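Here the structure is laid out as structure tokens; the discussion comes afterwards.
In this document, chain identifiers A, B, C, D, E and F correspond to the written order of the chains, with residue numbering beginning at 1 in each.
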Amino acid sequence: MARPFTLFTGQWADLPLEEVARRAHEWGYDGLELACWGDHFEVDRALHEDGYLAGRHALLEKYELRCWAISNHLVGQAVCDHPIDTRHQAIVPARIWGDGEPKGVRQRAAAEMADTARAAAAFGVQTVVGFTGSSIWHTVAMFPPVPQAMIDEGYDDFASRWSPILDVFDAEGVRFAHEVHPSEIAYDFWTTKRALEAVAHRSAFGLNFDPSHFVWQDLDPIAFLDAYSDRIYHVDCKEARKRLDGRNGRLGSHLAWGDPHRGWDFVSAGRGDIRWEDIFRMLNSIGYDGPISVEWEDAGMDRLEGAAEAVTFLRGFDHTPPQASFDAAFSDSARQK
Amino acid sequence: MARPFTLFTGQWADLPLEEVARRAHEWGYDGLELACWGDHFEVDRALHEDGYLAGRHALLEKYELRCWAISNHLVGQAVCDHPIDTRHQAIVPARIWGDGEPKGVRQRAAAEMADTARAAAAFGVQTVVGFTGSSIWHTVAMFPPVPQAMIDEGYDDFASRWSPILDVFDAEGVRFAHEVHPSEIAYDFWTTKRALEAVAHRSAFGLNFDPSHFVWQDLDPIAFLDAYSDRIYHVDCKEARKRLDGRNGRLGSHLAWGDPHRGWDFVSAGRGDIRWEDIFRMLNSIGYDGPISVEWEDAGMDRLEGAAEAVTFLRGFDHTPPQASFDAAFSDSARQK
Amino acid sequence: MARPFTLFTGQWADLPLEEVARRAHEWGYDGLELACWGDHFEVDRALHEDGYLAGRHALLEKYELRCWAISNHLVGQAVCDHPIDTRHQAIVPARIWGDGEPKGVRQRAAAEMADTARAAAAFGVQTVVGFTGSSIWHTVAMFPPVPQAMIDEGYDDFASRWSPILDVFDAEGVRFAHEVHPSEIAYDFWTTKRALEAVAHRSAFGLNFDPSHFVWQDLDPIAFLDAYSDRIYHVDCKEARKRLDGRNGRLGSHLAWGDPHRGWDFVSAGRGDIRWEDIFRMLNSIGYDGPISVEWEDAGMDRLEGAAEAVTFLRGFDHTPPQASFDAAFSDSARQK
Amino acid sequence: MARPFTLFTGQWADLPLEEVARRAHEWGYDGLELACWGDHFEVDRALHEDGYLAGRHALLEKYELRCWAISNHLVGQAVCDHPIDTRHQAIVPARIWGDGEPKGVRQRAAAEMADTARAAAAFGVQTVVGFTGSSIWHTVAMFPPVPQAMIDEGYDDFASRWSPILDVFDAEGVRFAHEVHPSEIAYDFWTTKRALEAVAHRSAFGLNFDPSHFVWQDLDPIAFLDAYSDRIYHVDCKEARKRLDGRNGRLGSHLAWGDPHRGWDFVSAGRGDIRWEDIFRMLNSIGYDGPISVEWEDAGMDRLEGAAEAVTFLRGFDHTPPQASFDAAFSDSARQK
Amino acid sequence: MARPFTLFTGQWADLPLEEVARRAHEWGYDGLELACWGDHFEVDRALHEDGYLAGRHALLEKYELRCWAISNHLVGQAVCDHPIDTRHQAIVPARIWGDGEPKGVRQRAAAEMADTARAAAAFGVQTVVGFTGSSIWHTVAMFPPVPQAMIDEGYDDFASRWSPILDVFDAEGVRFAHEVHPSEIAYDFWTTKRALEAVAHRSAFGLNFDPSHFVWQDLDPIAFLDAYSDRIYHVDCKEARKRLDGRNGRLGSHLAWGDPHRGWDFVSAGRGDIRWEDIFRMLNSIGYDGPISVEWEDAGMDRLEGAAEAVTFLRGFDHTPPQASFDAAFSDSARQK
Amino acid sequence: MARPFTLFTGQWADLPLEEVARRAHEWGYDGLELACWGDHFEVDRALHEDGYLAGRHALLEKYELRCWAISNHLVGQAVCDHPIDTRHQAIVPARIWGDGEPKGVRQRAAAEMADTARAAAAFGVQTVVGFTGSSIWHTVAMFPPVPQAMIDEGYDDFASRWSPILDVFDAEGVRFAHEVHPSEIAYDFWTTKRALEAVAHRSAFGLNFDPSHFVWQDLDPIAFLDAYSDRIYHVDCKEARKRLDGRNGRLGSHLAWGDPHRGWDFVSAGRGDIRWEDIFRMLNSIGYDGPISVEWEDAGMDRLEGAAEAVTFLRGFDHTPPQASFDAAFSDSARQK
């Protein structure tokens, strides 16, 4: 389909953007999905520093790259999360963390997400990818018993915190693509349904499709694309691999990435359990024509090897659809006679 | 093996103990695993009220029942949990909840667990079943990124809070059987290993084997019994059933028990996915000779029907092991000639 | 749930109804789903013969049976079918077959289905179960190439032939429950969707749920109930068993029922591959409270043994749902203290 | 094994043969399996036009291609089919269709198949690939009930219509390779057995092995090759992919190729579910040394990309068999000492 | 089908036959498959002691039992085995073992098997069940490399040792039913084929079908019955259960029966992995009308419990086949009208 | 990880070593695992012939190859085997076979294995790969019944025969890597455990990991590496492929390699069922940094094609592990701000 292939820069934020751009170009990427952390895409500078955005455009052009989406998972996470703790401190800018008092952290994070919409618009990009956080994720196993009201409040909390942000998205003419992901308000099929309902299916709120977490939840990513076809605003290709042997469990056992006792792990695209052939065919069916972004995470492989391999692997599924049905040749030719 | 079959009374605590006892007797149970909530087994009265324990014994005897274990999951949960919130308020006694300030709640819960050991000893029971809670459960999906130090602190917190409690268990000559369960410090194969290491494999801390949560984590309960054979202090038979169809996920989607869109649910023993034949054969192999307790949970079935059915079903697996090898008959008979 | 269990009499039409009723009563059935062939329920006599319906009611009452649905699969089949051939001659009354000219057969069959609605209403029964036939079933493997227009015409044909019949159903206040089944206009998930659209989702047209043909098509009957929950008008329990070994195929190889080389076959309920536990739980979830009818077909088992066994087996899944959530006992009891 | 790889031209009949030949040569094919429709191989011209066959040979030689088989599926289909309708009109030449009266269509189709044998012989080709049609395919789901006599008549019809054709094959010294395929007299394991019996296993009637339809029938193509090893006259490599998710069924739901709700679809060789490694090893075992022909159908991929990819992919399985057993080295070397 | 159910007495040979007979009668068996070891059926006494056979008949009659087959696995094993060692000494009578020199042991065992045929005939029984032994079993994993000649010699050895024995079977009008079993000349599908060829398919040599060893070899017992339908002379129902978890292997690891680390084990019929429903339906299809014999082995269950349970369980599959096709009712009733 | 890739020369011993070396170099191998048969590495010459070892080193250097291990499976096999027969005669040197009397063969084989340790040390290689043989392999299916004492004697025999050999290994500073393999004392998970215990876990005795035989035993090679991580002394990559279809069994049916009726067979690495991705990741986890040796066996493919393909295929899994965790980029970049 000749869709553009981009590299998500979030896992490369320790490197200067120019280095990432240079390598991405060499590996054959068409663009970058810029992370709003490190020095890749700084929301505050984008809004307040003259020439910042032009400089970003120039840098991309230098390496023949384009940008279709920017991403702000880390700050987005803090908008709804509970509890807020040192994990968040490590990933949000100091100006968002402030004194770390949860209420304030959440409010500053929300303001930053609205600013991210403004920055995207100013940059000429239509899509902001990110996380929402969740005030009820910690209830996941339903013990202690979770009253229905607590769940309902979780979705209300999400709607009330994000609706003002989404208003800014609407005002700016951009849209938010929530990445369906454990730890978030929408992490599977039915929580996505509920989250969409919570914001009344407003068009500013859509989905970033990333099938990696579908693997260990045994969710069918193809059915998901079919069901939410009109909300697929962006696609991130991250891969996962199950290692279930009766001892390694689905929940990761509090073990680090790469530990062989985890029941699943992220791997470079092409080395896991995802049926990419079916995914790309379904993307064709639902008419998705946006970028295919490689989100590269693999605790067992060098990222320089992996990022190059992944884009080559994934392009192999990006078929050109045919002009005519193959069995048309049977009757067309008969008619000629 | 003619092990005793007991009914865990936790899910029946809305009924007076006498009614539960009467029914359990009718259904064919040999005893009760008494819950330390409702009016079934009250720790404070057990320690401070003359005649309370004798009364409990008398009531059991009236219905030809015995007791091999008491259970205090709900208070145990509050010992380590983070966050502490209204879910805990709903399940612990008001005197434990107090003002709800988490630090105090945890301390009072810890004191109550020590008292539970004392009450068990006074009642003549060797095993207390329960939960530990966990300060790190909420990090389960590893996002935001969880530093290794945070995980380590979680196990340290567990060890430091439970070690003084376990000292009381030792002093009283009873033992604690932690139920391996999501939301707890040990919820699968490798977290159990780590939790046992955290308390230096002291004998006061063992396991309550309940295979129901193994189902949705794809853990092998037979391998678990084999690996931790010397720590199986009690067995609870709760059953679960998977309903994975690509849309229903492993994590439950914040949906209520019994909702058909959950990826798994609890069901009455015999109506789910657990291979009881293999479990009972492995219990024979490891020499477990304690009670088999039915923990009955099924959001789709009346409990009066279910509790009767379950004990009958499960007894069918409690084989009498043979006296001699079946192929001994080949050579014994040859030798006679 | 204490739903009534009925026996579908279609496969017993060689026996007088009284004999069937007597046996059904002995086997523990609560009622009959009367077939409109043999002498069980004769549409023409029902409409034109005084006392016929009263006699039918009296006969049922004599054996403490009731009737919630009548069925007319055989005549319904001829409404849309193409080709019409000796297979139809063998199963419809001579007055419907007439000279066997297809056009006339279809018209007379349609008129009889309208009469069946009238007869059901007169008999005090709200549901007519049956087949629709299909003019496009013979295109099933898509070779020779099937133009889209031909498929569209198939559904148009169905709609134009059945709409006048359904008008009579509406007028009489009864409804038609189409059995989703190969050979019919709706035989799987997506053809059911299309058929419902073809008649604009009018309420007179619903579904008879029979999971047996889902087995060999690898369809998920539980997902089907969930998706079409508001159209489940009747439930027939027929069972099937797969025998796929790489040589026996899905399509039956033109082999007779019971031939061991068929890739699947019908078997007595309880002896096949259907997950009844999940089906009954889903029926509870969607609130189906109509009859559970045993449609008994098994080419390898005597029907007298089988029909008795099947009703006993299936009743085991008809749980009484609980009054309260099982974990309510945790907090209820805490609150009492 | 260095078998020749050919491209079946049936799905390319809308293009002039020269264009197909030029591309096939560029993609690395060794030859063409010529379709008897479009302008690729015209039976009437082959028999009656001077120089036609020489011209065909010259064209193939120009592109360094050879021909081992010609194919006439479309006319063959009409020999036995019932019903005959507009689907057939679209695929057979007007001179075969005539007035469309079924009896005449079948007779003219049969005559053309005999002529196809004559044309093959004249062209110097030993194998004609094709379909037989079937008068009983429409009974596939066995409802309305199918009397055994009707099935028997179906095979008799096949034998009586094809025996005279096969007599011409014998006379010409060529053989017919029926493609086992739904819609035909032989579509699976047991119908193939029955069809072979119907023509008394005469050597003129063999099989074209195409595993694509084995996929959705869950047939084992390796076992099939083993069982009918002496009748494998030709091999077509078409690939299929299952998309079964409980909602998409085996029977295709009357949906167009490429529709994501179909339970299976054709895909370019290498992108589906066929175990080619095992197939090629079994072809080696049974000593098949004829051409490997790529029959390319994929509604989701451009055919120019696909046909090139497929031949490269499939050649990877065409091992050279070894000269000696690998463990001979153990003893040979011992003996040297 | 009302086939007789018998108990194989081989694993009960440590008990006097009368005790076995008394219990078998109580458990509901119709007869005994008498083992030729212990005091159950002594070949030498049967041939040489007046009144011995009459006494055996009388004993059976006393408990309303019959005998359709006698079994001599243990002596049969020694006919071809290599190596012969203390394992054989333990299971054959001292008069067969003699000085233990292998050549003599094999010859005496062969003579005893011929005598077993004579004894069976004298007792009025048509079938002798047993083992053949094998001179090539020890080559099973093909290392050290096994020359084809060695395998061929193994089958020749079998044929040359058993042909004279089978001559006696023919002379006596009885037949030998070899139990397909690891350690024997025929232990799976293809070795059975080869063994039958080795004795030129003579009718004296047939099979005792015992599906238990099919379980761990992943053989399909239903396909086996279909393929060798004319050689199924007897049926033994022994059950097995796999416990494969990636650590327990197929080969048993030299571990004792009942050890939980074995990859499979024998279990009481109904507690393992065998699909009895399909087996009994195939037995009906191939017309097997002999006895169904329970061979009971389970190292984890008391045999008194198990033997009673097994016969009840298995009878549940012994359907009465129907008199007519179930869909006959559709057309029969139509014709009546 | 940039581990060296070597070719095991055992299956190439019919070729002069120089030819093997030349080809291996061309195919991209880094070294050879030299077989102690043919003329590749001759133990007697290595110990007694001046310049032999230097010549070997020179030959390797000429082709830029190195050697990390030598292998002596064939002689090792004879150390414990029972029975000893013509299979052994074919694979051991005449000076080991002598008169073929088993006792002497075993003793001479043991002496040669000690010499192999001496030769390895002299050659500067730390690892000798090989087999142990087994006196109890022929009891594998446990019939005739195997007394526990016989199994115990088998392990005692192994320990007593190999301990003196291992003493020489210790003295020479080299180690033995036993290849876990059917026919040997350790062939699966639990027999490996027992064998290690038999030699008291002395460090001279470790394992050669070859996953090919894990395939048909359904053993998990990843779990095996995890469990015996400190004993993985060498890795051989041989591949296997299952062909189980219900008729082909696990045990090979005494059929030759390459026969399509075998239930499994060896195939060129990359064409079978082994999950190499998981194996290499686990090798990284346990810190194995030795050579990866290709042991090439495939009865269906030319070895010259296969050996080239295999090394390319396997190198694709030999990732460079990353320097830092991928999610470090999230917090590192945040901290910079």
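Points to keep in mind about this one:
Convention: a contact is a pair of C-beta atoms (placed from the backbone, for glycine too) under 8 Å apart; a residue touches a chain by one contact, two chains touch by 3 or more.
Remember, predicted model here, so these are calculated numbers, not experimental data.
Traced through touching neighbours, the fewest hops from chain A to chain E number 1. Distances between chain centres, each the mean of the C-alpha atoms, put A farthest from chain E. Among the other chains, B has the CA centre that is most remote from the centre of chain D. In this structure chain A contacts its sequence twin chain B using mostly the same residue numbers, the overlap exceeding half.
Matched by residue number, over half of the contacts between the chains of A-F recur in the interface of B-C, chosen from C-F, B-C or A-E. Chain geometry summary: the mean Cα position of chain A and that of chain C are 46 Å apart. If you average the CA atoms of chain C and of chain D, the two centres end up 39 Å from each other. Computed from the mean C-alpha positions, the centre of chain C lies at a distance of 46 Å from the centre of chain E.
Of all residues in chain A, those that touch two or more other chains are 74, 90-91, 144-145, 220, 223, 245-247, 256-257, 261, 327, 330-331.
Taken together, the chain D residues at the contact with chain A in this complex read 10-14, 35, 37-39, 74, 90-95, 241, 243, 245, 247, 256-261, 266-267, 271, 296-303, 305. Touching chain B in their complex are the following residues of chain F: 144-145, 327, 330-331. Taken in their complex, chain B has these residues touching chain A: 74, 77, 81-83, 86-88, 90-91, 136-148, 150-151, 154, 181-183, 187-191, 194, 216-220, 223-224, 227, 244-257, 261, 263.
By the touch rule above, chain A contacts chain D in their complex via residues 220, 222-223, 226, 277-278, 281-282, 284-285, 319-337. Remark: chain A residues 245-246 touch chain E in the complex.
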